[in-house]
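Shared chain: subunit A. Partners: subunit B in the first complex, subunit C in the second.
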Partner chain A sequence: MSKAKHIFVVIVLSLLGITMVINLNKIPGNTDQINFIYSHITNNAVLETGSLNFVTAILYDYRAYDSLGESTIIFGAVSGIVLLLSRKTLPVSSHGLSFIVKRTFGMLTPFIFLFSLYIISHGHLSPGGGFQGGVILGAISIIFSIVYGSEFDFKRYSPTTKTLLETGGALLFIGLGLAGIIFGGYFLENLRFLNTEIGSLLSAGSIPLINTVIGFKIGAGLAIIFYSMIQKTFKEEDKL
Partner chain B sequence: MIILKYLLVIFLVTTAYLAISFKEELVSIIFLSIFSIILTTLYLIHNAPDVALAEAVIGAGLNTAIFMTVISQVREGKKSMFREDD
Partner chain C sequence: MINHIVFVIIFLLGFYAILVKKNLIKMVIGLNIMEGAIFYWFISITDKGDKIPIVNGPYSSALVNDPIPQALILTGIVIGASTSAFLLTLIIELNKFTDSIDPDNLGRMIKD
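Up next is the complex of A and B:
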């Protein structure tokens, strides 16, 4: 990069920064409406949703429609990547890493799976939720394909299973939303049938259900992305 | 705690600069991973454990794996291209 170009880039970036600072200062601060929403959520969220974690309460109850949009974005990304990258080659790849690594991860992987299930199922009680736990579920598939070779991943957790989990999760999420229309009145309303004591595992209405559905959907989607990215190496290694 | 916060911010900016200043891609990827680990600590200090968990899982774990895969794919593709030219 020449020096004049460098200086031009620096000037443009600093102008962008100045405009961002000016615009962020113009955002209204603590107006009445923001105060009203804040006080409403902090006072009533536990009673209205039954979820102790307010972030999960906002993400999967008050703003569940936005979460539907996010998972649609992931669905679109998965579809695009599979369309662009997947090739019908044999699922044979390298034989994984050494014996020591294989044994170590053989002992570790069940605990990673348990941790992801814990994060998904306790999304309404402790930090975490469907999205974070789902990404850890997807990481298990990545561990399988890197450490054990992707033939192992193909046999244990085949692409058909992943696709079924992904589309099934998306359909169940929309189904929960439609059930809100049928039972309550509006799309993705909290169905209040898990109504034990607040703070126990089976509370907070449909939030744990949406968490589980989103978790499996996101995990399977990210596993599909990674699998279709490494798929191409098989052909190269078969040639060699 | 305030000193720790400022130190972490300085480290954050340094790792971000180092990540774009190296020519070798693998070094940049490792610096991006360190960047997200520092960002995770900052989120935890600012009382946002949900975002911290997401950042740790996605930034430090998934991004590194996917970038590594892409780098290896690109290098493998370049090698096979040169082979076909020869």
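Up next is the complex of A and C:
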């Protein structure tokens, strides 16, 4: 790009920036509608859903339908990536790092797994939830690929297992939604069978169940994305 | 006011990267910077300066931040991650066929 073009882009962008700042200042702040929804949720969400975390209450109870759409988007992205980078040929892309790194991660990986399970299962009590814990779960597959080599990842946590977890998570999520229709009245209604005292682990109805299902689905989905990408970025002759 | 200015600066940096850079991966990075700017802006203008939206029990004080924008942004982050993963996959495939990740070369190839 020539210098004149470059200067033109900078001038246009700075003019755009000035107009954006002027217009953003005209956005209204707290309207009555926003305050109504805010006060309704902060006053009633704990009693209505049993979840102490308001964000989780919105994501997996009030607007669980949106979370279903969100996980469908992830499912679509994973399907597209697998379609483009098909897994038919399997060149061994890495052989792992040194002995010390392998032993260290051998001790660390179970705790990473435990931490991800904690984040997923305590989504209704503390910061976290299915999406956040699922990302940590997906990191385990990345550790397998980088530290132990992609062959180890292929043997221990095979693509079939990942696909089963991904599709099984999506199906169980829809199953929980249909169970809402059968036992309650509408799609993804909070099933009221896990109702011990508010604040304990087994409370909040179907929120922990949806969290667990989404956590495993997201973890498997990210593992599939990483696995599909790493297999293809190395060429056959780069093999050590 | 300062939120808007910081948002516009970060957003335009990402936009500049998309317009000027001659590398598709850098353009995806620019897209991610724009996304990050929007997430920052949305959270910062709805911030009331109160506690995080997690309470101790059903009847504890309800003076917390608005949880709805946070839930929305969580959705946005997940969708942004999946779209950028898909874009990077398309770039990998493109590189396999054309041996280049320059958008200008891509236009030349389509002409031929």
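By definition in this document, the second predicted complex is superposed on the first by the 212 of 240 C-alpha atoms of A that agree within 3 Å, B and C clash if a C-alpha of one lies under 4 Å from a C-alpha of the other, contacts with A are read in each partner's own complex, and residues count from 1 in each chain.
Keep in mind that, in the parts below, a residue touches a chain if its C-beta (ideal position, glycine included) is under 8 Å from a C-beta of that chain, and two chains touch if they have at least 3 such contacts.
These numbers were taken from a predicted model, which means no experiment stands behind them.
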Check your understanding: Looking at the overlay on subunit A, is there a clash between subunit B and subunit C, or do the two fit?
Key -> fit
Point to revise | Vertex subunit A angle, Cα centres of subunit C and subunit B, expressed to the nearest 10 degrees | key: 40
Point to revise | Residue contacts on subunit A - larger count, subunit B or subunit C | key: C
Exercise for review: Considering only the touch criterion stated at the top, classify A:G138 as touching first (subunit B), second (subunit C), both, or neither.
Suggested key: first
Exercise for review: Applying the touch criterion given at the start, work out whether A:L84 contacts subunit B, subunit C, both or neither, answering first, second, both or neither.
Suggested key: second
Check your understanding: Of the two partner chains, subunit B (first) and subunit C (second), which one does A:N43 touch, if any: first, second, both, or neither?
Key -> second
Review point. Looking at the overlay, does A:V9 come into contact with subunit B only (first), subunit C only (second), both, or neither?
Key: second
Practice item. May I ask you to decide whether A:I182 touches subunit B, subunit C, both, or neither, giving the answer as first, second, both or neither? Key: neither
Exercise for review: Once the structures are superposed on A, label A:I73 by its partner contacts, choosing first (subunit B), second (subunit C), both or neither.
Suggested key: second
Practice item. Mind working out whether A:M229 is in touch with subunit B, subunit C, both or neither, as first, second, both or neither? Key: both
Practice item. Pick one for A:M107: touches subunit B only (first), subunit C only (second), both, or neither. Key: neither
Study note, to complete from the structure: Superposition result for subunit B with subunit C: lowest C-alpha separation, Å, rounded to 5
Exercise for review: Kindly list the residues of subunit A that each of subunit B and subunit C touches, one partner per complex.
Suggested key: 53, 55, 127, 131, 225, 229, 232-233
Practice item. Going by the contact rule at the top, pick out the subunit B residues touching subunit A in the complex. Key: 49-50, 52-54, 57-58, 61-62, 65-66, 69-70, 72-73, 76, 80
Check your understanding: If you look only at subunit C, which of its residues touch subunit A in the complex?
Key -> 1, 4-5, 7-9, 11-12, 15-16, 19-20, 22, 45, 52-58, 62, 64, 66-68, 70-71, 74-75, 78-79, 82-83, 85-86, 88-90, 92-93, 96
Review point. Which residues, counting only subunit A, touch subunit C once they are in their complex?
Key: 1, 6, 9-10, 13-14, 16-17, 20-21, 24-25, 27, 29, 34, 37-39, 41-43, 46-47, 52-55, 57-59, 63, 66-67, 70, 73-74, 76-78, 80-81, 84-85, 126-127, 131, 198-199, 218, 225, 228-229, 232-233
**Study point:** Parts of subunit A lying in touch with subunit B, wherever the complex brings them together
**Key:** 53, 55-56, 119, 127-129, 131-132, 135-136, 138-139, 142, 146, 222, 225-226, 229-230, 232-233, 236, 239
